[in-house]
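Questions regarding the structure given below will be posed in turn.
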């Protein structure tokens, strides 16, 4: 495996272009990459499409990008904790595709795994059927859900080795391992970078082959 | 008698738990169920953000910034707990590996449908993991107050809010009644001690099937 | 979590009924459950349907069941190392559905994950198109592949805790974690059973909620 | 000149590897490619049974029973290697995360199709992971002898055996030629030193596009 380039958060955020699609793993800020998000807020790069479980809080986590009006649209499962997202959605400044959390992660996994889509029963019989492709298999109705790809994923991991192999911390793992697979460029913000071989190969969650850059987290 | 506090709902639901059950408890009132698990019943609590085996709330000062439940509250590990990513977490949920999920609700109806994710034009939080939980859990339990602040029934003939799940409920537990959802309709199994059959029927918009024997809970 | 019942291999194998569907994780015997397979051979229970990556060797691993004529049919990706399977296939005594290995594991994962199916591009344009359901999405052709369920999975893990949480050994992990999710009854043959809490929750691969019985491996 | 041993194929393919590449090497001849990786080029070898970062064959007596490659041969770990389950392994393969795969072949053809999993009525091993590898890898390389034992070309106008993959090949490397598969057809890029253009053309059933400049390899 190649030794990963270690860059700073500012350089990493500078790679993002206006209009890019970014996956931001985070669950109410836990598992989000704070230095990378702050650096992206700093750039002011706008018109972004973000893919996330939830938009966190108005002043913390992913929500900072929303509050800073850098987000044009999002695919997410929850915005209830972020009044900033609610306002922009209500005013029509922010487009939202609401996706059940499990369906969202499977669509991302499909992208990273080379699948053309998945069939899921979640939400059948509800309003989310509107405008959706429905497929009947053996008498049961399913949504045919397509993959979700991104230009970037900002990962938050605990440790990396120099090859970019990653381990996480507790529930900060959440969507990180799956989102790491589905972007053109995956950048991981980590607490510590160790030599290859220092992480037990049985314990590594994300193989470094999914990772493109490492950023060392600063408090 | 006056209405008890809403822990009556959590207490009654807790009695449904069987030893060894794996459950997911929604945000708010459902979370309280874990406080009333009967003695000799050991359950495993899963949360959709990626843990199987949630322990109690940590002592003050002992919180770990990376250890939360799906409501964002700090939690602790139990011995034998497991961390998972979101994909495995929802594989567990959607794949039928939970024995029970307990969800708060804005409305439920006689068909066993539930609405809890959106009040159009007013509040649009999103469904989070609620649709997945309803689709996959072995037993889906709605936990809610029987009537709203104006005294209107939340147990309707047909939900008026957009659904979270269509015909997925197994049980409806309120501060007034314990209701089983069957193919024939809603069967009133138990009445809260503080109220009466007459009151329950009056406060329920949906038709209730009233069996000969009705239990009580408190 | 419930403390798992620890049973012996004979009792475990005795649970299997004639005609049952069994998932047998194994990659050329690595990651197969030898005591459980031997015990199942001992029972002679026949007419089985087995789901496996490959049928291993005529006298080792999964192949023992084939050689002992207990297998009516199989869904597998490879039989090239087992002349016994080849013979019975040629003579018509054994039905085989050949499935690309990646498609096989996704179909099993779909079963364990509550998905109605997956779309995969693997094998499009080849003879495996025959009799298969093909779905076009955005101009690309995919196989619509349905979930594969089983009555039993025989897991081979390294260690379990008493709740059935499992860790594996090197490439013996292979199909075990996914097959563990897709059977009504999952039985794990393990080298060692430890107290809950002795396995690091960050390192556990298979949560015990997928496991129904533990069997202690004997050399 | 007489034909060299088949390591000529592995040697030539190895020169296609770039520093940092992640590759999957099929059973048999393709496995040999790892013996000829150029200096200063570090590659990662993945195997479909669940390892990223395969090391060399272990010394005798140092084999670990649980550590094999997809051909069943004992291998070793490299520092920084990772174990994965089969689902993640094939997510890597099918999801486009491999830079290259090298596969043995019974036949290849001018459309870039490959046949290597079945000889109907004779040998039916099954496709294993070969179809997945062809569908997903960045560069798909067929490694095979140019002609069979009877002298018949294996580089055909159209494969006669059932396909492993339809139009997925990028390169065809034989003991006689290095051929690029393009939308226009098969382009002869290099000829093995021991043979001649005339011989290569004679031994190739498929039409070859012959550019002005052709390299050589040995």
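When the chains are written out, they are named A, B, C and D in that same order, and each has its own residue count from 1.
As a convention for this text, contacts are C-beta pairs under 8 Å (C-beta built on N, C-alpha and C of every residue); 3 or more make two chains touch, one makes a residue touch a chain.
Computed from a predicted model, the values in this text were never measured in an experiment.
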| item | value |
| --- | --- |
| Steps in the shortest chain-to-chain touch route ending at chain D and beginning at chain B | 2 |
| Pair sharing more residue contacts (C-beta pairs) when A-B is set against B-C | A-B |
| Between chain D and chain C, distance of the C-alpha-averaged centres to the nearest whole Å | 29 |
| Cα-centroid distance, chain A relative to chain D, in whole angstrom | 35 |
| Residues of chain B engaged with two or more neighbouring chains | 77, 83-84, 90, 93-94, 135-136 |
| Shared-contact residues (touching 2 or more other chains) in chain C | 106, 109, 113-115, 120-121, 168-170, 201-202 |
| Chain-level touch network, classified as line, ring, star, complete or other | other |
| Chain C-touching residues of chain D, taken from the complex the two chains share | 47-51, 64-68, 70, 72, 77, 83-87, 89-90, 93-94, 113, 123-132, 135-136, 162-167 |
| Parts of chain A lying in touch with chain C, wherever the complex brings them together | 106, 110, 113-121, 135, 137-138, 140, 142, 144, 146, 167-170, 200-203 |
| Footprint of chain D on chain C - complex, ascending | 27-28, 30-31, 53-54, 76-81, 86, 89-90, 96, 98, 100-103, 105-106, 109, 120-128, 168-178, 205 |
| Parts of chain B lying in touch with chain C, wherever the complex brings them together | 19-20, 22, 42, 44, 46, 52-53, 77-84, 88, 90-97, 135-136 |
| Residues on chain A engaged by chain D in the complex (per definition of touch) | 1-2, 109, 111-115, 161-163, 165, 181, 195-197, 199, 201-202, 204, 207-210 |
